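The same subunit A turns up in both complexes below, where it pairs with subunit B and then with subunit C.
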Partner chain A sequence: MKYLGIEPKRLRFAVFEFTGCEGCELQLANKEETLLAFLGAVDVVEFREVSSARNGAYDVALVDGAISRTDEVERLREIRARAKVLVALGSCACFGGVNRMKNACDLDQANREVYGDHPKETLPTRAIHEVVPVDLKIPGCPVSKAEVERIVQHLLFEVPYQFPVYPVCLECKQHFTVCLFDKGQLCLGPITRGGCDAPCPAGGLGCWGCRGKAADANIDEFRSIARERAHGEREIAERLGFFGGFEEHS
Partner chain B sequence: MKIDLNVDVHHLTRVEGHGNIHVRVRAGKVEEARWDVVETPRFFEVMLKGKHYTTAGILSARICGICSIGHCLASVRATESAFGLEVPEAAKKLRLLAKHGETLQSHVLHLFFLAAPDFLGAPSVLPLVEKAPEAVKLAVRLKGAGNRLCDAVAGRTTHPVSLQVGGVAVLPPRARLLALRDELERTLPDLAAAADLIAGFDVPRFERETEFVSLRGESEYPFIGGRLVSSDGVARAEHEYREMTNEYAVASSTSKWCRLSRASFAVGPLARFNNNHRLLHAEAKKLAARLGLEPVCHNPFMANVARLVECVHVTHDAIRLLEETAAMGEVKTMADVAPRAGEGVGAVEVPRGILYHHYAYDGDGRIARANCVIPTTQNNANIHHDLPVLAERFAVDGMTDEKLELLCSMLVRSYDPCISCSVH
Partner chain C sequence: MLFRTLAKPDFKALVERILASTEVIGPKRVGTDRHGRPIHHYLPVESFDEIDLDYETTEFSAKTYFLPYKENLCSYRFQDDDWRQEIRYRIQPRAIIGLHACDIHALIKLDKALARDFFPSPYYISRRKNTFVVGIDHDPCEGGFCRSLGTDTATHGFDLFLTDLGERYFVAIGSDRGFRALSGLPAAEITEQDTEDYLRVRKRIAAGFKTEINVQNLPNLLDIEFESPVWEKWGGKCLSCGSCAMVCPTCYCYGVSERVSMDFASGAKTKQLYSCNLIDFAVVAGGHNFRPNRQTRLKYRYYHQHRGFMEAYDEPKCVGCNRCGRTCLAGINPVEVIRDLQAEDET
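Coming up: the complex of A and B.
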């Protein structure tokens, strides 16, 4: 990847996964129209899901998934010790993601319900920054590959990346997407950080806030407007809590 | 010569999720051969409890990053069955299109990114970008076509947004449907080239008699809902899925295991092919014959051939569906939804095999109980029971630890396990 004939840095990337669906890792192999250029611009030295090569020498570790077992805590600490830059990839890594909903349950009882007489070790779900220091968080369920590409370009050319400060709402307006909040759906677009290009409202689904809180979002005001439009407390609370991006720990 | 062999694979690569292989052969005899799933449990069935029906599909899609469309479809089908709801014909066609897009992208991902490196002697697809650029480029085109189909119909490839209880929220514009049809037609030569490549793969000669479980198609190769069948002759209705799966927890694995007529059974492309081959598109049948895939095939390594055969089938079927949906005009794609107390099951053939979601609803449209049985959960015991037979078969002169490790790894990969999904 060259720009105006200038050769950028080569960085060694490694990808690791913890508790989650590995959908964010899959995004790294998506956006096919630029996939070969993307793979050509970085050295992927370790990525268990797609490669048998293992190499502990890397600059940037992309970490997907939340932390919910002791061995994961240890593995994450080792990765932190080796990586120059540790990136939380996706809402599970950034906020705990949907996995966090299990924390509201009695874990022993949940274990009995699912596994009967063979309970499995499980810890309350944590985001990775609750376990080790994190240098960069890329939220999204899943992450937007276009945004990951932009961030990687900034890393290669050593230019700091600025996440959008505006909410998802703005991107719906850019695409002339009909406002679902106006049509009666609950939508977190007004308070969720933009940058995803608003695919959900365009597909007929109000925003679920997977990217977390937009800068200066007025959550209390949003709650009161949502209540005025006949959305119940339970519905609003469940929506805000779904990915963990509006909680204090995020 | 009596041979000693050891295989110890911690966190097998080029599969989704975390599993370990352990094989020990002493003096030509298999002393131990195991497949252990060590993935962290997530407790989705507990998290689904209390969720509103509008949330169930969105949450359960997150069980799997690769087959989220399949999970969402099984979820909305379970809910619609509980509510006694019939979705509009147009929505059925659009859902099948999304399903086909997912099958295409997932199978191509597996064949080229996860499996092909074993047959081409590479650790991953990355060195193949230089060594076999044409193969990688055609894989990228095919996978891209599958993903663009999902984007257009489901709103997004991973974690779909338009597949909702009642139907499909948005009807894609006619021009977009026709452009996709044209793109799929252009990918047909790529599928032919993929067949030439896979015809050259040296597929290990190994068979173990297996029971195969899938949906049973009536007039079409089955993907969404219908009757359940096993190659040992068991037949059940969709809502009787528990009699097909018989899930049980084991101490050695965070995934449950399943059984039916034998100690284990298999689901997936080979099971679908074995039970429904007569319903494949003519071109897919032709390809199966050319690549030596005949029912009932008991070689798990032939699942890769079955995947390509299914890619050909879904591409042709998607072209047909795109033409039909483009000709529909402005039609209703959502039914009115009236929640009611009750239970429902949704069975969907996802890339790795048959998937079941089962919900019981209270009177307020919230889930009282949920159960999800995942394809890889059904395959894990079968993988475990394949391993000693494979090790026994190949514990012969000239076998080395490295070669046996590769064979065992390829065997597990041939099921394309989705391990996080199997633990959920």
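Coming up: the complex of A and C.
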């Protein structure tokens, strides 16, 4: 496999999961139309969800999930020490994801609520970059396979990539989607990073912000727009806090 | 200009005849907003009855049928040490039924920038030339200020233009294609009565405008108010989401990106319509951003609308449809922004 006459870098990929639903890993095996080409381009040496093979020798670690236990901290540090490139995959890895909601509760009470009389050792949820340095981030719940492909192309051939920094609104408009604020719903589209192609608003569901904050997101104006349309403080805060991508504002 | 009258059932027959061989786009009611007002979009229709010619306005302009939000500019195939390029222009005929005068003026403005300037775009021209445009007169839409910009009537830029006279349409024929389209239909020569009725309707429409802006000397005013606090006031509200430029019938700025296929055997160049309000619009090689602030970006959108385009093409780019004003969640709208600037000028 060559691209423009250039040989690819010889990179071994490994996929690891932490606290999360593993949906982002499932995404890696999705998009059938390019799956064979994708698997032909990456040399996967470790990926528990699709193969039992174990191999400590890898160059790129794709890390899915958030960090919420001491053993996860240790395992992540070990991965970081081995990997030349560490990619945070999905909203949990990038922001903590829905797991992060736990941090707003009393930790012991949350533990009891979930595990009853058999509490587990647990830490406040952290994103990957809050524990070890991260080289590349692909946010989204789940992650977009198309964006994973672009990152892989970038790593193999240094193909330039640029993920959109504009808000979701732009893509709603490009799809003729009726604004959900016009239908009386709350939507984080005006402040959430686009690039997802805005499928949720097109399906009638306001954006929940899984891709995190758009560059230069105007949070103050967003709040006043939501308030003017009679959305309460609690509803706004819950929405902003859902995926952890707006934590400093929720 | 040639004029005819056409009974409404005969116009329906005309559209059905077009539908038999050609894709037809028309204003279609797609829902109701939270205030109970109907929402219309220009969408492909299968039958004449799906078209609602009594629509007030559409949320989006019909721009995407001439300047798609996303368009493949060319594809590449790599082979050994060589590559082949493939370019396809859209040439399939299409008809758009029911554009209002402001949207026809939008096409006239786009023609100036994209069909006749130094770099005519074959992508735009092939779509424009292969689109049959039927316009229609209508009573002023709420908040529209097209009359202030002289775009409330259209005398060219279309194939046919209708004015509703009750049982019949007064039809202005704007091209030989439009003339030929009427062949075989009982389109009648106009009578004195028709002309009288037409002028009466035009007067009624003209008298119905409630929203106005004063665009006289606006290019100079914009230069004088370059540092005005008005830009901070409105720019501070801007969400930098680009919705205004997306719904605008004349905003044509775009970005181009290149993608390689996952098997590295092919690639494509894609054009995406962009907005000068987006944070990275003015980022150049090396990462410098010429317009990192919301207020500067908003200001430049107004400059292009009312000053830059004026300088290049002798008319403002804005047609006064107020779609940007309606779509903006933050309530930024040309009428208030321009009035604020004028008030600033008076103090």
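Convention: the second predicted complex is superposed on the first by the 237 of 250 C-alpha atoms of A that agree within 3 Å, B and C clash if a C-alpha of one lies under 4 Å from a C-alpha of the other, contacts with A are read in each partner's own complex, and residues count from 1 in each chain.
Rule of thumb we're sticking to: a residue touches a chain if its C-beta (ideal position, glycine included) is under 8 Å from a C-beta of that chain, and two chains touch if they have at least 3 such contacts.
These numbers were taken from a predicted model, which means no experiment stands behind them.
Asks: Would subunit B and subunit C fit next to each other on subunit A once aligned, or clash?
Replies: Once both complexes are aligned on subunit A, subunit B and subunit C fit side by side.
Asks: Now for A:Phe157: first (subunit B), second (subunit C), both, or neither, which partner does it touch?
Replies: The second partner, subunit C, only.
Asks: After superposition on the shared chain, which partner residues are touched by A:Ala215: those of subunit B (first), subunit C (second), both, or neither?
Replies: Only subunit C is touched by A:Ala215; subunit B is not.
Asks: Once the structures are superposed on A, label A:Glu49 by its partner contacts, choosing first (subunit B), second (subunit C), both or neither.
Replies: The answer is first: A:Glu49 touches subunit B but not subunit C.
Asks: Looking at A:Thr19, would you say it contacts subunit B, subunit C, both, or neither? Reply first, second, both or neither.
Replies: After superposition on chain A, A:Thr19 lies in contact with subunit B alone.
Asks: Mind working out whether A:Gly40 is in touch with subunit B, subunit C, both or neither, as first, second, both or neither?
Replies: Touch partners of A:Gly40: subunit B and subunit C.
Asks: Between subunit B and subunit C, pick out the one touching the greater number of residues of subunit A.
Replies: Touching more residues of subunit A than the other partner does is B.
Asks: Just to be sure I read the superposition right, which of the two partners does A:Gly232 touch: subunit B = first, subunit C = second, or both, or neither?
Replies: neither
Asks: According to the stated criteria, A:Val165 is in contact with first (subunit B), second (subunit C), both, or neither; which is it?
Replies: Touch status of A:Val165: second partner only.
Asks: Just to be sure I read the superposition right, which of the two partners does A:Gln174 touch: subunit B = first, subunit C = second, or both, or neither?
Replies: So A:Gln174 only meets subunit C here.
Asks: Give the angle at the C-alpha centre of subunit A formed by the C-alpha centres of subunit B and subunit C in the superposed arrangement, rounded to the nearest 10 degrees.
Replies: Result: 110 degrees, to the nearest ten.
Asks: So if I take every C-alpha atom in subunit B and every one in subunit C after superposing, what is the smallest distance between them in Å?
Replies: 12
Asks: Could you list which residues of subunit A make contact with subunit B in one structure and with subunit C in the other?
Replies: On subunit A, the overlap between the subunit B and subunit C contacts is residues 40.
Asks: Can you list the subunit B residues touching subunit A in their complex?
Replies: 11, 13-17, 40-43, 45-47, 51-52, 55, 58-59, 62-66, 68, 109, 113-114, 117, 123-126, 129, 136-137, 140-141, 143-144, 147, 154-162, 164, 169-170, 249-251, 254, 256, 420-421
Asks: Note which residues of subunit A are touching subunit B in the complex, please.
Replies: Counting only subunit A, the residues touching subunit B are 18-27, 29-30, 32-33, 35-36, 39-40, 44, 47-54, 68-69, 72, 97-99, 101-102, 105, 110-111, 113-118, 120, 122, 141-142, 199-200, 202-205, 208, 235, 238, 242.
Asks: Which residues of subunit C touch subunit A in their complex?
Replies: Those residues of subunit C that touch subunit A are 30-31, 33-34, 39, 41, 43, 59-60, 64, 69-70, 78, 81, 236-243, 246-247, 257, 259-264, 272-273, 275, 278-280, 294, 327, 329-330.
Asks: Where on subunit A is subunit C touching in the complex?
Replies: Contact set of subunit A toward subunit C: 1-5, 34, 37-38, 40-41, 149-150, 153, 157, 159, 162, 165-167, 169-170, 172-176, 178-179, 181-184, 189-191, 214-218, 221-222, 225.
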